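Common to both upcoming complexes is subunit A, partnered first by subunit B, then by subunit C.
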Partner chain A sequence: MTRDRSPLGLVGADAEAAFEITFDGRTLSALPGQSVAAALWAAGVLAWRTTRVGGRPRGAFCAIGQCYDCLATINGRPNRRACLVPARPGDAITTQEGDGHAGLTV
Partner chain B sequence: MPDSPSEEGHATSYDLAVIGAGAAGLAGAVAADRLGLRVALLDSSGEVGGQFYRHPAPALGAVRPEALHHDWKAFAGLRRGLADSGVLHLAGHHVWTVAQDGELWAAHAVTGADGDGERPVCVRARTVLFATGASERHLPFPGWTLPGVVGAGGAQAMLKSGLALPGRRIVVAGSGPLLPAVAVSLAAAGARVPAVVEASGYLGYARSPAALAANPRKLAEAAAYGTALLRHRIPLRTRSAVTEVHGRDRVEGVTVCRVDRDWRPLPHTADRIACDALAVGHGLVPQIELATGIGCATRRTRDGAHALVLDAFQETSVRGLWAAGETGGVGGAPLARVEGELAGIAVAARVRGREALVRGSHARALRRRRDRMRAFATAMARAHAPGPGWTAWLDDATDVCRCEEVTAGTVREAVRDYGARDARSVKLLTRAGMGWCQGRICGAAVACLASPTGQEGGGQPALPPSPERRPLAVPVTLAALAALPPPNDRSHPSGHTPQKGPS
Partner chain C sequence: MPTRSSSDLIVVGAGVVGAACAHYAARRGLDITVVDRGPVAGGTTGAGEGNLLVSDKEPGPELRLALLSGRLWRELSDVLPARVEYEAKGGLVVASGETGLTALRAFAHRQARAGVTAEEVAGERLHDLEPHLAPGLAGGYHYPQDAQVQPALAAAHLLRAAGTRVRLRLGEEVVGVLTRTDGTVRGVRTPAGELHAPHVVNAAGTWGGAFARVAGVALPVQPRRGFVLVTEPLPRVVRRKVYAADYVADVASGSAALQTSPVVEGTPAGPVLIGASRERVGFDRTLSTEVLRRLAQGAARLFPVLARVRVLRTYAGFRPYLPDHLPAVGADPRAPGLLHACGHEGAGIGLAPATGAVIAALVAGDEPPLDAADMHAFRPERFHGTP
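This part shows the complex of A and B:
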């Protein structure tokens, strides 16, 4: 039955110990070798950015670093492509609002 | 295989710089190395393999990475060849431009997982092989910006490398040979795939009987995917398209319509399918901005994309610059391997002055295989060429440009009321294509909407016959630019010069 299948089971993944990251303060589990976007998908999170004009939610779309829809604020630094950046233990990922530079507006 | 300039293999300059470590780049680098050239291989990813042979990072401990691939054996061979070679593999190097530098070519790269590293790098070489692969063609439709709508290739990439799925019930849609492969992978990894929705019909291939007959492996592959779809009980709907996605903050379902030969939705055929994700893509397009940036000539493919013009030995229109794989027209990994090897041999023949290399029986055999597979690639492009009628499923409120949030209505207004006749004019009037991705995602769609015939490629070439120009192929910080030596400064003659950015 397909219900018993999983990506990890399919490739026989015997990953090193999982670690914790946070998304908007919520603790999630990530595996070493996963990108930030993959860790978020695995936790059921599909959106981690709101658009500049409409404030609409966005997440990974092309997943190969071309579309920039997956921009996230990682450890306080905005505009990181979550599909490319590897997840690291203790990473704090926060939803990026607009261009991520609201703190610079005067 | 050295992987940093401090290790053995560091040279003042290289005979060949290969850009891209997918099937074509690996084959080219290894072939040139075996013929005695000093080769540097630059790749943006941390792992070799490109998009097709994407695989989990070692830390994920996958004992069966081949479960997500066919033809893994070929990749294992290429990877072994690289490991046994003297090729300098530079992972995490995002090349942003290739420029002429006296007698040499200079490949400028930013480093790090997302190019955000502090250390810009310049690699100088006598020749360059562009093996930069392809990216997915996307066409917009109402709801395509909702979280849960992802590229078909993107879903595949995230599964292959990150072992993650975007949902549990995933519709796969668009057009092209990638779709059945993606659906089977997703199902094998535990997702339910309620439908594969293909806008073309497979009968399109029948218009190229000679190409089919010459490529029996491709037919066997197609049959294998057909069997696998049946095994996973995945229905295939041809001549159909997802014309709308439903949901508030994420995907809850899609509307599928039958379409005519031109991909125009047929009335009263709408059918709703419940799902929590949609993996969608309308074929692949060559990624050639580095090559076009330095003046390499392009041609239109049968599906309206731009590909590099190449001679019988894979050289571009600019002497000293070669290309292989998808850059010359999308044709798949086996073709990319053959072309990469042929290019590697041709570069060695030029650099070492051994013209006999390209006249030998091996090079001749490679050329024959290349020509046979190229014929199939042409048939494939023709069979899945986007029909001009797709714009009929676009309502005026749909964002066409995802970055700048420019709607179809705004683009149509620029065309109708302000006289825009091409993507560039639309961009100047509306900002469509001016955002982060620089039109990579919306470019094809905007060009269609702006074209007087409403048709991108296919039939009459209504557009100016040139691809979009992107002088910087990836984002580059001002600090990285400031760290460059002046163009006439010859005080950095070394081939691989890490340049410290200002702190």
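This part shows the complex of A and C:
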């Protein structure tokens, strides 16, 4: 039998009940204590932002709050570091286009 | 004939001023060794906003140095790659009330006689220039000669553009200055050995006083701390460098106590940079929430839109302060062969090219591109008259 090599399996943790978040309207499952980035990764989502200049895809890079690559729009607020923000039930994550503040352009 | 350990000029400090000294000396065909205990732009250059300003300067030697530098930066913007982010964006100084505007007008008129382009902007026209500015400001002045670069990249590309005539020795601290029996400088010592050159330039910025001591002379450079807030990336909500008229008085003040006045500017990368604070507290990097709060409040008063924007990070830097607010630029008669190019306070990025051009001319034995009275104002030994 294959040993469970997931973080949960390795430490023998017994997670609390999963809850739902959405990514661009699609319902995903997240566990208590997971960061938004971890929940997205667990669901196979690797990119949730496009770069400001070239429009290239970005997701988690350092995953410890230093590199600012993982910026996401969470519940309507852009530029949140998905690797640091804990996922909460009902969170709506949306792909961030560029700086996420197109409305402020003058 | 230069060898691995000998060159025509040793530049101590790989900040923007040291880089400019090396750049202009290389253009004159000299071979230069740049030594720094840290990386390129590892000190105050890396903490700067990259302002190239004439707007905040009183008529006098520093303004003339800034005007010359402004011309040289424009020329460099054609030579250096676009990634140094040179922007001839202009500055906008605003006054909230009539008293401030009257003072600003008098200041701008004096500057105009000294060669600065300064255009008055009526209160109701400020939004044509900066749509997000707070309503109700009395008016301001537009300074089209103000510009900006990304300072760390500018320093790095000044060095790179100098080509093979510049040898970089990073992570290597100068621990001694070599002299002949007559006191003439002949090089420096580092833990890796001796480096020889007939000229040594002190471009150690805020640490220029410490290096001067190593060279056996006194130069009272002190750190003047400043914090910068960096917002989340935004579209161009701030087009120019925008600041309140009080900033000029703060820059000119000699007080050690905390002063803050809002200075706000966008960057090509997206984040808005918010300054400016000044205090003399030594090399203390402790985060001051009081300073951060005052900077944030000041910026949001100028640009209410920023109250809804997140600050992603903040950092401190140490401006190299000399008691008369003028840099030390020139040869040091107390130690023949030693030159100084430090103490530019908060204006080092802006003043770097002219400083480098002056130093390169002096080392080459030519007339510097400044008149004698200005060179006299910047003379490094001015703080220590004969007792």
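Please note the rule applied: the second predicted complex is superposed on the first by the 101 of 106 C-alpha atoms of A that agree within 3 Å, B and C clash if a C-alpha of one lies under 4 Å from a C-alpha of the other, contacts with A are read in each partner's own complex, and residues count from 1 in each chain.
Throughout what follows, a contact is a pair of C-beta atoms (placed from the backbone, for glycine too) under 8 Å apart; a residue touches a chain by one contact, two chains touch by 3 or more.
Fair warning: this is a prediction, and the values are worked out from it, not measured in the lab.
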Fit or clash between subunit C and subunit B when superposed on subunit A: clash
Partner chain(s) touched by A:58 [first = subunit B, second = subunit C, both, neither]: first
Which superposed partner A:78 touches (first subunit B, second subunit C, both, neither): second
Subunit B versus subunit C as contact partner of A:105, first or second or both or neither: second
Touched partner set for A:68, first subunit B, second subunit C, both or neither: both
Segment of subunit C that clashes with subunit B, given the candidates 310-318, 328-336 or 346-354: 310-318
Shared contact residues on subunit A - subunit B and subunit C: 52, 68, 71
Complex contacts: residues of subunit B adjacent to subunit A: 44, 46, 51, 56-65, 67-68, 113-114, 116, 135-136, 138, 145, 147-151, 153-155, 157-159, 161-167, 187-192, 232, 249-250, 277, 402-405, 435-437, 440-441
Interface residues, subunit A side, partner subunit B - complex: 2-16, 31-35, 37-39, 41-42, 46-47, 51-54, 56-69, 71, 80-81, 83-86
Contact footprint of subunit C on subunit A as seen in their complex: 52, 68, 71, 77-79, 98-102, 104-106
In the complex with subunit A, residue positions of subunit C that touch it: 131-132, 232-237, 239, 269-270, 305, 309-310, 312
